[in-house]
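Chain naming follows the written order as A, B, C and D, and within any one chain the residues start at number 1.
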């Protein structure tokens, strides 16, 4: 996906991919009741993102809107951008390597993020599937997901995430307590794989009961 | 959905939506073995409701019947209205804002309602997805679902629900022990979203084991 | 389904229904790895039954064979009748009211039947969905499923079932330890509903952990 | 499947079967995030195997490559063979009776293999479905799956498996800790059945909590 020379045709292609990703997540129970949101970079300073309040299993092209990396609509639009757009923008602004961002809202992520909210992180260690995360080459790598306290002040939450990421080594995603998972990648394909790997490990951790 | 000027075409459209909702619930395992029932308001004093004893994954138009808000058929019909019609009517009579009612019968609702029958309610607190319920704007809102003791005397059960609702703040749904969930909304779309959000939170509560 | 005047066309119709039932069970994970078997009465002394060793999610007409109620093929056949045919025959011989028999092999039935093998029965009490069983009119009825010790001697197992049924009040099904559920009904539709209701209650009992 | 006279048409047919098997496993959640790999014998010393890093739910013909039983590509190829090709080759070289090999990566296999890594094996006893494994004729047979410590040194892992298999009675599969299941059979149909039976028993063992 080129970050330059964005045109209407690239919007249409990116939006179609986002719709397919959202449907795939919804079929797995990861975006109940209009929850979840998905975006992809269109250019240096623009992104396509799911509109607020739409059912993720049945999106259409008009449910994808275009915003600048500061979260403002770039033109007239049928829908408002997701209420959590600021969390997507924080990641796109932070690194030009981020080409897509996904927020899923699974049972495992909800339960484990609540359980580990006080501790502040979920640790996933010794899973072969961790190698599906970009840059991970061995199951010996430990995947640490920070857990942020939930709030309706999304601007504040974006600042908390930015502060954490500036002070710590790179992470592959984070959790918001009682709310779900954020993850990202170089493009939509990488991001899908990251969702699938992280949700798998969260399911295993829940089955193991090893995270107290 | 207009509550006025109901015509044959609006029945057909509403019935088609109810059939789709019932199939969607059945695919998720929420209406096993002909359990579950679904209705939507056609006019001030009429509603369309699923007939008794039909498999919810394979309904056809003749499986949807029309009754008054006192539960009597408005005309000749191929089927009897659901045995639990009185529970639907109680809600439509209580408030003109109720446009649709659903009763699902999931594993989580069955197990948790049995577990909490003596206590009399299930409390769902701190879940972001609670915001999918109409009128809820923050995860800080606690969702309380009263649990009624099961009985085959549906008239008595409807009176118990009416008495509870008259004496307490508004609720988004209720449980019947060993029997499942009732929820409602302004229309079928809202009601579907309420089912999905409540069933998600019940699943999480079951996974958490936090409800003793 | 008439038990008289069986013809080639009725075989074809019954076999098609059995194939659909088997596929439906396989999609739910209830007949893994060629397990499970299904039959329906064709006449007073004949039945159609799934052949041995076929994958239940992909049966074709030649995977359904016709046997007498003593388990012998009534004519040339592409397949051998299920190894557990004697368990089906015991039920058809015992009562002319039995029009179809199903054996599913779910995770819940496997785990609970092992857990309760020594006690000798699984008790399902207070479930509204019990009303889906023919003859049950209230959730107050307790559903008792006897559990038989597993054996490869199917003739012996059929005798054990016959002896139990002669000495006890009627049951709606039984379990074989580590092996699964047998249930039956007046026809294939009733039997499907019984499977769905019993598997639902077994899932709930497993989630409740109430069966020690 | 003939092991002699391999031609382009037999490759195409075998590859199509492998693609279907991989999709079937992915739909069940057994190959998340490009994990899992599948192969089938084409001739005495050649096999078709899934390429590295492809999503198992959406393989195409060019995602299947041909290697010798020492793991080297037999000709020009669009993809690299699976990183775990050596584990497949060990089995094909060990016995001419092995016609297909599958590696799944399910939640149950991941969790149980971690739990039993120190003990060194998972024991599955008293399950009727064990009879779906070639050569098993009674539920009284105990199925023992050795558990190998995970490593990124696949050559070393293949040697460990070979050493184990030379020193012990035949097994129907093995686990790698935090990584999943390997199983095999005379052909793809047998291997599919072995996957389904073993994954079923692992699910039951996890539900039973009987493996400490």
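Everything below uses one rule, namely that contacts are C-beta pairs under 8 Å (C-beta built on N, C-alpha and C of every residue); 3 or more make two chains touch, one makes a residue touch a chain.
Since we're looking at a predicted model, the values are computed, not measured.
Engineer: Common contacts of chain C and chain D?
Structural biologist: Both-contact set = empty.
Engineer: Same or different: do the copies chain A and chain D touch each other through matching residue numbers, with over half of them shared?
Structural biologist: Because under half of the interface numbers appear in both copies, chain D and chain A meet with different residues.
Engineer: Superposing the C-alpha atoms of chain A on chain B takes a rotation of how many degrees, nearest 5?
Structural biologist: 90
Engineer: If every chain is reduced to the average of its C-alpha atoms, which one ends up farthest from chain A?
Structural biologist: Farthest by centroid: C.
Engineer: Taking each chain's centre as the mean position of its Cα atoms, how many Å separate chain A from chain D?
Structural biologist: The separation of the two C-alpha centroids amounts to 33 Å.
Engineer: I'd like to verify one number: the distance from the centre of chain B to the centre of chain D, where each centre is the average of its C-alpha atoms, in whole angstrom.
Structural biologist: 46
Engineer: Chain B: which residues touch two or more other chains?
Structural biologist: Within chain B, no residue contacts more than one other chain.
Engineer: Every pair of chains that touch: which are they?
Structural biologist: Chains touch in the following pairs: A-B, A-D, B-C, C-D.
Engineer: Can you check the complex and tell me which residues of chain B touch chain A?
Structural biologist: Touch residues, chain B against chain A: 126-129, 132, 137-140, 193-194, 196-197, 199-200, 203-204, 207-208.
Engineer: Which residues of chain C touch chain D once you look at their complex with the stated criterion?
Structural biologist: Its residues touching chain D are 29, 32-35, 55, 105, 107-108, 110-111, 114-115, 150, 152, 176-180, 206.
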